[in-house]
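Take a look at the structure below.
Each chain gets a letter, A, B, C, D and E, in the order it is written, and its residues are counted from 1.
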């Protein structure tokens, strides 16, 4: 059990760290997907298989696609900065310091806390129970989440759509093939 | 109608169906044979490695069966397509000429060894990697696509007791594993460093993502009615016959039929088959994201595509066509896995038939079909299934109303939306240049 | 799966919602209004089926759900919903026929500019009608009753630019109001004497034994029982709404509305509301039946009114030339039949006839609508003709409707329901006049329907429009086909056993008295049909101007019948005259006395407003300006802290978090 | 050291990697992805407490995570759409260049 | 209704499927090595050389190594080397012949220009297409021996065209003979006046000096006999036998 956890953690943290360090955006994104898959593996390890599959479906299947599309649409994959600005170097240094401090505070807090011992057997939750809990106890929340998703996706579509005016400002007949001669 | 009563009804329906399934299970020897064979083989080994052997045998079996299945699907497809177009199809490749034999047995075996010839050709071809390519990703893409499309087989119940992994959330697993293949397509397109490959990959992604929606939505009614995500339980929920000859397959209900049609269309698009094979439209784009692939890597993509098709057909069989159940009670003596394979072959033949018949769509027609037709229809179909669940207890005369209403819920919107949509599928009357 | 009485409100709520959607959607947006209306009706239909399923499980049980509406001092006004087979059957019928007619309207009103409004009104009507059906309180019923009247007014006057339509709408509204006045008085009287308006309330309702006993026990000065008087007042409402004898004049004029409206409101549903009302309060109406002492029983009045109406409507229908008027008078006549059935004590037969009539009359009206639509709004049967070959589907369906209405035996539902009524009339021991009236109406019905069919569909086209008529689209013919199938299939409600009547009233005993009456009525139907064919079918009309064969025989009678026996002139001469004088007086009063007072008050208001504005501008505004200027200044200073650097903000958040955590740890807070 | 401690430490690690990425990178997409990582770290905590907590209620931790995933999906969609809109507007997606809304 | 077209299409292909098993007429496949389609008469791909003598193909090539085709060939796939000596041709006249005549079929683009420019009707287009070879430089480079094919072969593959050519050649020969006779008569007359001088004739009457042939015009204007010219204008049917006199007798 524990060795598996270490393996998963290594995969998850290693790929996440590499993703944050690499300069090639596509590689970063793909490594992040690996990291998300690692999180899913962790869920599997912890016995939450439904969540794990949901994580894969949503993160690996959907969010990653959106990310990759965004990367390609913003054309940042071809421009790799060869020169590193001094300002970004300084920012990285502060970022690292701040993150280290946060990590220290968290770890200290975790290590100094004594948790109650775990329940004798691991909780099991079949898909059906999850479904019933979702529909009964959290039915309202589910509705609201559905609403949020709908609104967010509609909003995202409208935000990302090209403005009509921009399209019309383009010269339209440049792209057309020459007129056919009968 | 509150949610709690709904869910309690769902649970009673589920228990009733599983109890019905448990009642009838004739276990002939043929039925048990594959499992017994595996257990016998596993028991030959020492205890510590037994679990490993158990899984390995399963994996090897899937690989062997579906690898061969893939091989013969390709030849079947070529021959069938040929027949659909009044041609003969490949019929030349036969047995190799063996010099050790004193005579040459000259029979072409109807060209059945064509896939092996193809395989040898693919393996021995030069593996070309573009100089500017991202070598690692270029290598990983075909590996990932095959791996993930094989993973989907893990939750399909191939027979009464044959299911590689019995998962509670099997359907979710299936779609999660299926979703990962999209990543491989992107990787293939991007790592080639060919802008046409990249464009084609993005186009393929757009298609796969838009059709994943109707695919999953068309499955939701099943989940709603059976109240489970487990493929095994879904098959069991379809057991039994009305009047002794009408099987309780979901395809024979109005919502199930509509769902099946939506599923078929979405599965066609999801496995990049004609008429939705835009991503690799050979006659228009070179080969889409596969342009820069050759040799064995190309063959791997090809294989993954057929695995995907087989897996989706298997899912369709499981969800709508009663899985491994026999269509008539007196046919139950035929082992369940044969029934499954038979239905699977029927599905695949149907797909080939469609490929031999229909023309390729334009990309705008493709997306319009998904978003303006399939998704709304699938959503309506979910409501339809909910209605079906709500009216389970209706007495006999009202059953006709139930059927009528359920059919009306899908047929009327189908006709109305179809009418609105068919205008956009008419032959176009404008010219390209003004 | 059933629908409880508590959730019955869903059935009218959905069309109401659709009406609201139709009301607020854009005028051009046709599909939203129509789509939501049809969708709402179909869902209501499903819900009604659920309700019916529940009601049939316990037919004798009047499931009800009562709730407090509002408090008025010590008294609480209560409303409620009622679910019994009567309600459920009516709901299923209304929603089913309604859905079909809505679909038909899609085609019929396609070219109308106010398409959206039409569906809005239709949905509104359906909501009111369904509300009326599910009411467990005479008050709620009355509210919906009036809303139905309003919807009817709006829809009759839908083509308000036609003066005749506007006049017809007004006429319908005012005439029914006369009946409603009686109904309102009856309700008030009932509330005064029983203290409740709920039909069923666990022993305290007005239709339950305790109240009925006390009501029938009270005797008035004129010797009537209180229940008789209240029942007759309530019956006034039914007379108005169902177009019974003295107040029938509005119904034929209501045909000025679009044909789907005529089909839905003035044939199938709303006019049947009167019958439904009487059937609903039937225990109250029949409470005096056992009292021999009273001079007249409420139901006797009902029976005679019904008989008169049935005969009169059928007679007038024979002389009308407008295809819709013929059907309208036929409706009057058939409603008379239902009233007759109620009066002679068989309310189940009345409801049976109501249901079957709803289907075949809707079918006939929609068929007429189909004809009118195809013939470019040519309604005069003398100008039509020859449509049999041009509109085959419509003709076939219309013929089925005609045979159902005429009571052609065995295959058509109309035969069975009419038979049930005649049977009940035969068994009535007070008088046999209603039976004779009913039998006469049978002949007449078959006669005028034959005339209608012969003139409209046979022969040759006698006008330009009829010449160019062609079959309508499926959206219009499909509802016809469905209704035609239903018009025949509903026979099974009464054959081989009167299933429906048993479901409505499980204690009902139907004594069989041989088949003599049935054979007689079959002969009469045959006589009517052959007479009609002999007069009109043998020598088909050739030109528009050709005189009616009956006009040759009895010109005076036919003229009187064509003039609808002069009821309109009579009312105009008496009631109308008085009304005009009163209105002139009221107008003068309003214009000079009340108007002067109002003008004076308005001028006073304008003056005080001017003073107020002066004070406001000088004193208050300056102070607010200074305050807001200072707020703006401080805001500008603070906004300097916002650098726009997202990294900076994130960093500050993280550092602040560290500081906070450290502070918590150092402070010893666990 | 119990498994719970381990899980929490792992989630801390993931959180801090995400935080460092979000703070250090100038590409807005990567900042957004860093934030996604932090969200995932939080989800790990939910599962860890659900799995190793003293008295787990069946499914509650999982349900939290499901909701969090759903919201994260919405967030990613809107965020990336915003990034594309910003890119169209200012032709790059450097976070420090998007300061139009400063006071 | 949406989808009806799809179902119709499926039915059509299903009919094809079933029909392909019991109705051989439907099948469009030609199983190539065993079955071959009949090529249309005007089919052409690579050139070949015509010899007059079927028994000894190399003996009597019509080609006189004038090298016009070599010059005109757009991809320059023809190579010709003239012979040093002369040999008698079919008419018995001494002619230079090609010592080397090669065509590289891997370069040839089947344009037929060589045929059009040839003044001697010596090079024509062939119908062979199965020229696969394992060696690109030897297998596909056709030498004089491989190219030389008898006139009867030409009649086999392009009967109409070959008949025309033969007719024309005969006519020309006849004209040449008459001319020679006239010349002989004139000479005899002259000899009567003068002592006779022996002269060889026939060379100038060869068809090479007709510009019309280059433009693809028929040679009717050249033929002296109007009946013959009419016959050449209406080509004989495919079944008609080639003219019996393939090798006309040399003049006396």
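Convention: a residue touches a chain if its C-beta (ideal position, glycine included) is under 8 Å from a C-beta of that chain, and two chains touch if they have at least 3 such contacts.
As the structure is a prediction and not an experimental result, all values here were calculated from the model.
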Any chain that touches subunit E and subunit A: B
Determine the set of chains touching subunit B that also touch subunit D. A, C
Quick one: name the chains whose C-beta contact count is the highest of any pair. A-D
Geometric centre: closest chain by C-alpha means: B
Subunit B and subunit E have mean C-alpha positions lying a whole-number Å distance apart equal to 61
Averaged-CA centre spacing for the pair subunit E and subunit D, given as whole angstrom: 83
Taking the mean of the CA coordinates per chain, how far is subunit A from subunit B in Å? 29
Where subunit A touches two or more other chains at once, the residues are 50, 54, 62, 69, 91, 94-95, 98-99, 102
Using the touch definition from the top, which residues of subunit E touch two or more other chains? none
For subunit D, residues contacting two or more additional chains: 19, 22-23, 96
Considering every pair of chains, which are in touch? A-B, A-C, A-D, B-C, B-E, C-D
If you look only at subunit A, which of its residues touch subunit D in the complex? 1-2, 5, 9, 12-13, 16-17, 19-20, 25, 28-29, 32, 35-36, 39, 42-43, 46-48, 50-51, 54-55, 58-59, 62-63, 66-67, 69-71, 73-74, 76, 87-88, 91-92, 94-96, 98-100, 102-103, 106-107, 110-111, 115-119, 122-125, 129-130, 133-134, 138, 141, 145, 148-149, 152-153, 155-157, 159-160, 162
Touch list for subunit E against partner subunit B, complex: 1-3, 6, 9-10, 12-14, 16-17, 19-21, 26-29, 31
The answer for subunit A against subunit B in the complex is residues 26, 30, 33, 49-50, 53-54, 56-57, 60-62, 64-65, 68-69, 72, 77, 126-128, 131-132, 135-136, 139, 173, 176-180
For subunit D, which residues count as touching subunit A in their complex? 2-10, 12-27, 29-30, 33-34, 36-37, 40, 43-44, 47-48, 50-63, 65-67, 69-78, 80-85, 87-88, 93, 96
Subunit D partner contacts - residues on subunit C that touch it in the complex: 636, 638-647, 650-651, 654
